[in-house]
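Just below sit the structures, each encoded as structure tokens.
One chain, subunit A, links the two complexes that follow: it is found with subunit B in the first and with subunit C in the second.
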Partner chain A sequence: MGKGRGTSKFSLLAIILLFCLYPLFSNFYWTDVAFFFGVYALLGLSLNIVLGETGLFDLGHAAFYAIGAYITAILNTLYGIPIIWLIPLSAIGAGLFAYIVTSPIIHLRGDYLCVVTIGIGEIVRLALINNPFGLTGGPNGITGVGRPSLGPFLIDSPTRFYFYVWGILVIVIICLIRLQRSRIGRAWNYLREDDIAAETSGIDVRHFKLLAFVMGAALAGVAGNIYASKLMIVSPDTFTFMESSMLFCIVMLGGLGSIPGSILGAGIITVFPEIFRIVANYRMLFFGGALVLTMIFRPGGIWPRKREALRLQVSNIDDVKGKVRGKLKAIDKSQNMKKTTSKNNSNEPNTIGNHILTTDKLTMTFGGLVAVNEFDLAVSQGKITSIIGPNGAGKTTVFNVVTGIYKPVSGRVYFEGNDITGLKPHKIAELGLARTFQNIRLFPNLTCIENVMAGLHHRMNSYVLSSIVRTESQRAEEKWALEIAMHWLEKTGLGDVHDELAKNLPYGKQKLLELARALSSSPRLLILDEPSSGLNDKETEELMVFLESLLEEQNLTILLIEHDMNVVMGISHWVVVMDMGMKIAEGTPKEIYNHPKVIEAYLGREE
Partner chain B sequence: MIILEQLLNGLTIGSFYALIALGYSMVYGVMKLINFAHGDLFALGSYLGYSLLIWGAGAASQRFGLWGGMIAALLFSFFAVGCAGVLMERVAYRPVQKSGRLPLVVSALGVSIFLQNSIMAIWGPRYQAYPASVVPTHAIHLGWLHVTIMQLFILILSFMLMLTLYYIVQKTTFGAAIRATALDREMATILGVDVRKITLFIFFLGPALGGVAGVMNGMYYRQISFVMGWNYGLKAFTATILGGIGNIPAAMLGGLLLGIVEMFGAAYISSAWKDVFTFLILIIILIFRPTGLIGEKVAEKV
Partner chain C sequence: MRKGKVWICLCLAFLFVLPLGIAYAQEKPIKIGLQAPITGQWAYEGEMAKNSVEVALQMIQEEGGILGGRKIEIVIADDASNPRDSALAAQRLVSQRVAAVIGTYGSSVNEPAADIYEANKMIDIGYGSTAVKLTMAKERKYFFRTCGRDDTQGQFFSEYSVEEMKARRIAIMHDNTTFALGVAEEAKKALKQYLDAGIAELVFYDAITPGEKDFTPILTKLRETNPDVWYFTGYFPEAGLLVRQGRDLGIKCPFVGGNAAINEDFIKIAGLDYAKGCLMTQEPMPTDLDTPKAKRFLELYRQKHNTIPTSPWPVYAADALFALAFAIDKAGSTETDAMLNVLRTGMEGCDGITGSIGFTDRGDRRGIIYKMYVVTEKGEMVVYNP
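== the complex of A and B ==
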């Protein structure tokens, strides 16, 4: 470990030295090439936030680059504001623009988002050509942009520009690495991997998508500022769809979400055409071919991101467990206090007072199909309630409405007495309701511990600035999250595989991981959609014991859909039977077992 | 009557868009890929038709007459671009397909850059012009209405092609197989649909129709350039989304609609801002009807 760190430190030093000495050995031409390498690295990193980290198809990124360049050019030529001051202004301007134009379209998925960003890119370019209010100088653009100066030190020569851009780049890279390994970076990755699972785990998907766009745009705006001051001219020809495609290729060539990858991609894009300058007319032809070949042989990019291991810096794992238990108890206590005030001390399972979740005439339709029809459900505090029914009865739809994935056509959902109908899934998760899915929805390319930490997201506070600065409280919070996540991995028997990617786990363990993620959010109601499907008898048995132990330990209530009658009859306190979207019976397992309507729903009517 | 003429002009441009849009839509149907190289195949078609008419001007036009030359150019472009499409699928898309959608997009961008620069390397970076002698230039007057023969030819041929395709896709068993593949590739394979054959057919026919549109575009505007693929591609692609991607009649409608909207936008709003309006309309439609004008709303399975 120590040795590996030493060599990587040494190679980093060697690279820095190489970069510092480079202009001494190169002529102005190649120093300029290295400058543009730097600009494209900035642009690649800015798109990497949007496309790589967050998985949003952005094929109009040149628009944000253009906004930054034009803000710099206009304000510098009209009002003589120094270029350096315009760096933050360009960033804010581009970020604000991104916020305004992407807010209404952020809900679009995949290809549709891609199309809209292409549209935005074209609209910006065409608008610049059309010279609105005489500001942009039309097709010829704006000339006479000034040079940046750091105090008395004017940046004018290729060598100075080279150090200027790479200096900024180093700062940006450090910030981005810190961001990548924080709550923010993880949230972006969660929603890239599976935005529905992210949302139900308590991540405000819309917010973090917008944040990615705003930050990506702001960084592109900075690149625009540097570009404008170097060329001293900006014109619409720079900011074409072709430019956006190139940025897209930079990120994809390097590897999605990989910081060194994006820099490498930028290097390829800028240096490749220079090397093939001898064959002037054919160089882009080769480049097109090279893109295809790279995607055939290295579809994941040349330098893909390897998920780093998140290890606890504690020698004794039992130590951690003890500490975590203490913390969890503290949390439970505060929740208990809240509850005892409203608790109605009655043992009757369906009296109103101690129902943690109730639905009132819940109805959901898809087109003409009524999936759930005036469904009333009451889930008793601290008990296990099962919903059973034939396939297509509407059980999962009830779950999806309760957790906010679907908005009901009519009817209401109450959780701990509060009306939660129509709230967004992440809000509902924050209130203390966690779930698993019928077809496991994990974050396949993230490690197990990162998967579990998704449940902790909404219990953490650190944001962009505190993650970049790594404040004391941010580090403490990260450590806390790691400990709790580790605790749940241990509890579900996944402690040994905490650094393994979720997609590499066998089916049974994936189910447990999903359960660990749900539990880590410290929910008061846990909703499980067919927890035992795909498990063998022994695993099912263990699961049942585990679930029952949770009721006591975590002061939890469980609502589940289950087809395995042994599970249903074995652990449920209350069973609700659904058929054709309606409740046809409910009662204790024993009552349900012999209920004529239930037998009819499952086996048909006796003629 | 001006309005009627403008409508006719819009329909002419719209039929180019529609023919190109069909290729986008069909490919998207079977591969869920926005084929960014499709616009460049259209440009390739335009250049191939141009070369045939220039080099073979002596041969084609003189032996078969004006119309014979035109039809020869259209047929040549149809088959040549169709084959280029099949080759493109085989070389650049099939090996990447298993790696997911993002690498496919990059591969498509790569093919696009490759094609565009191949055209530039072969025919040069400057504009080329279809000579006036190889296309009919006269117009007919129907009352006040003024229509060129070329416009009429383009409209008739485009509508014939579109109707044929519509018939194949909507009324034949093979068309049903295409639609099934577009809906659920895996299920179609299980049910015995030869997805390979359908992919081949799509990657021939889509580009081939684009090639025909390219030649007609050259004959209509006469001037062609190696970057025209991007511009027309982008517009046609907008048309595809406008109608509803993956749906063949929707692509035709989207193309025609876009042509008309653009014509009237240029005439009554501002020609400089017409493309801005086009994209604004696209974005607004996507905000309110994310699946296009005709596309069905599909609830996502959770």
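== the complex of A and C ==
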């Protein structure tokens, strides 16, 4: 390990040296090409946050770039504010703009979002052309933007600009790498992989999508500032749809969510057309051809992100293990305390009949179809309750309503006595309710341990700044999450595959992983949607044993949908039978087994 | 034996050195850069500019070339119609050490390039960049342009209306946008000599608000001044309404629009009945040029490309080459300072396709040709020949 680190350090040093010496060996033209490479790397990285990390299709990213450039140009030419001061201002301005324009549209998915962002890009460009309040100078833009200076050191020559942009880029890269390997970066990745699973694991989807847009826009704003001060003119010709699609290409070419990939993509986009200058008219044709070929031969991007083994990042932790562990326990304890106190407060008046979850006349319709009709459910604390019923009876819909994915048409849901009807899924997850899905919903391109850590997300507090600075509490928190996640992986028998990508696991293990993710958040109610489907007899047996052991160890309540009657009859304390969206019977497994209505409606059909 | 070897060596050495000597005697060609939008949204302009410069080069060589027949080589740099590529293209031409540069099209694209040429002390002659601030916002020593400035047509209007149309009472209307105000101010400035001489009177000078639909109040005011000619320097949406409402109010004098006022949409808005007979100040289309060089240029262009340039701008690129060739020939060298000296002070006798070429001390084209166009009864725009 030490050796590998040594060589990678050496190659990093070599790359840095190469970059420092580059301007000495090239003329101003190639130095300028390298400068624009840097600007586009910044832009690529900024879009990578939105498109690569979070999976939001943004084809109007040039708008944020434009806002940054115009803020710099306007404030510099009108008020003479130095360019350097305008870097944070451009970032804030672009971020704020992103917040305002994307918050109404953030819930849109995939292609819809894509179309809207194209619209935003065009609106901004046209607004700039139309010269609002005489600020933007219309089609000819704003000229006479100043040059940045670091103290008395004026940045004016191509070489200085080259070092300027790459210096900023290095800082940005370090920040982004740290962010990528933190709670924030993981949350973005969860959203990209599966936003419903992320939401039910306790991640505030809207918040983190907006955060991605704001941060991406802010970074694009910084790039806009640098661009404006280099060219000394900003005009709408720069911020076209073509520019946005170029940025899109950078991220796609390099590999979604890959920092080195985005930089490499930017290099290709800026350097290739310059190499093909010799063929004049055809240079864009060659360039397009190169893009097509890369995408054919490397569909995942040129340098896709390798999920790194998470253990290694919290380095040197072994030395201070004892110290940190003490702290972790303190964190854990305080969190548990919080929980128990809140539990005590709410429990006393409300746990009528000791029911952890109750629904009151729950009704859910899709168009004209009544999926769930005045459904009453009471789940006893510390017991296993099963819902059975023929296909299409509305069982999964009940789950989706309880966990907040659907909002019920009428009726209420109470969890530990609190009304949780219509709460957002991540809020419900935070309250202590975790679930799995009928058809597995994992984060396929993340490692197992990262999958499990999703459940811990809402119990962690570190945010952007603390993740970039890597404060002590952030590192302690990461370590804590890793340990808990590892604990659950081992408990579900996945300890040895913790660094494997979830998609590479066999089906049975994927089911277990989903279970581990749900359990890691220490829920008090676990909702399982057909946990045994797809498992063989032996695996089913093991699962039953495991679930029963959980009940004892973890102070847990389980609610499950199951088709396998052996499981239902074997482990359930209470069985609820649904048909046509209504409850037709409930009772102990034995009672249900002999219930005439059940035999008629459900079991009877089998004979 | 030994002697033979020496002879062979000598012969071989001679064979190697000879072509070098010949090459030296021939001299290297003069490299002139052409920065143009070969790709991007204005690619058609770039293509025509390239063709026009090549035709101009052919014409120069037909007339015997410059500096005693030294070859000229055009080095093309594509600026892809955007400022970023423009900066790169400029930097590239600088690094290729061309003698001077022609380019480019589009003011905002020209701006960053002009800065780079300026910093590297390289002469740059714009051919399709008409924004006033390119020469007026900051002092540029090495930037010239063969095309007019956005507001030059104002000057042309004043001279034409007084001298050709014999108008005495002149009304000028603008809309307070940078462009329209610039043209109006320039017209007013050029009018001063006639006002001082007492042969003309500026009876109306005011602005409308763009976007409005009813201009009756200001037009009533205009009618009362009883003008001989009415010049509107703004844009076509207002121009169309102004003509309609003005004529309905009984303003009968000729209406002249700036080159942003009259186009097909203007005719649609005003209606052909109102639009016909309206005049426009405009850079001439290549076909409407009547200089001797223009004839030969169009002939050669048609021969080579089977068509003619469809916009006014490419011929200015050709004229930029004529200007540079003239400057190099007269200066006797490709030294920038020597060329600069000619371009600034010694351009008498330099003829281009659009007439004689000279530059003001800020680098703008002196004596640029404009033409008065008129909307015909069929809704076409042709040169006005009363």
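Everything that follows uses one rule, which is that the second predicted complex is superposed on the first by the 561 of 607 C-alpha atoms of A that agree within 3 Å, B and C clash if a C-alpha of one lies under 4 Å from a C-alpha of the other, contacts with A are read in each partner's own complex, and residues count from 1 in each chain.
Everything below uses one rule, namely that contacts are C-beta pairs under 8 Å (C-beta built on N, C-alpha and C of every residue); 3 or more make two chains touch, one makes a residue touch a chain.
Worth saying up front: this structure is predicted, and the values here are computed from it rather than measured.
Novice: Have a look at where A:L291 lands relative to subunit B and subunit C in the superposition and call it first, second, both or neither.
Specialist: The first partner, subunit B, only.
Novice: A:G587 contacts which: subunit B (first), subunit C (second), both, neither?
Specialist: neither
Novice: In the overlaid three-chain picture, which partner chain does A:L108 touch, first (subunit B) or second (subunit C), both, or neither?
Specialist: It touches subunit B, and subunit C stays clear.
Novice: Give one of first, second, both or neither to describe whether A:L126 is in contact with subunit B, with subunit C, with both, or with none.
Specialist: first
Novice: Would you check which partner chain A:P260 touches, where first means subunit B only, second means subunit C only, and both and neither mean what they say?
Specialist: Neither partner.
Novice: In the overlaid three-chain picture, which partner chain does A:L231 touch, first (subunit B) or second (subunit C), both, or neither?
Specialist: Touch partner of A:L231: subunit C, not subunit B.
Novice: Report for A:F366: first if it touches subunit B alone, second if subunit C alone, otherwise both or neither.
Specialist: first
Novice: Counting touched residues of subunit A, say whether subunit B or subunit C comes out ahead.
Specialist: B
Novice: Between subunit B and subunit C, whom does A:N27 touch in the aligned arrangement: first, second, both, or neither?
Specialist: second
Novice: Applying the touch criterion given at the start, work out whether A:P139 contacts subunit B, subunit C, both or neither, answering first, second, both or neither.
Specialist: Once the two structures are laid over each other on A, A:P139 reaches subunit C alone.
Novice: Between subunit B and subunit C, which residues of subunit A are contacted by each of them?
Specialist: Common interface on subunit A, subunit B vs subunit C: 281, 284.
Novice: Which of the residues in subunit A come into contact with subunit C in the complex?
Specialist: Where subunit A meets subunit C, its residues are 27-30, 32-33, 36, 138-141, 143-144, 158, 227, 230-233, 235-238, 240, 273-274, 277, 280-281, 283-284.
Novice: Using the touch definition from the top, list the residues of subunit B that touch subunit A in their complex.
Specialist: Contact set of subunit B toward subunit A: 28, 32, 34, 36, 91-92, 95-96, 99-107, 109-118, 120-121, 230, 234, 237-238, 241, 245, 272-273, 275-276, 279-280, 282-283, 286-287, 290, 299, 302.
Novice: Under the definition above, what is the set of subunit C residues touching subunit A in their complex?
Specialist: Where subunit C meets subunit A, its residues are 38-39, 41, 47, 76-78, 80-84, 87-88, 91-92, 94-95, 106-109, 111-112, 115, 131, 133, 137-138, 177-178.
Novice: Give the list of subunit A residues in touch with subunit B in this complex.
Specialist: 57, 104-105, 108-112, 114-116, 118-120, 122-123, 126-127, 129-130, 196, 241-242, 245, 248-249, 252-253, 256, 281-282, 284-285, 287-292, 294-296, 299-300, 366, 396, 400, 405, 437
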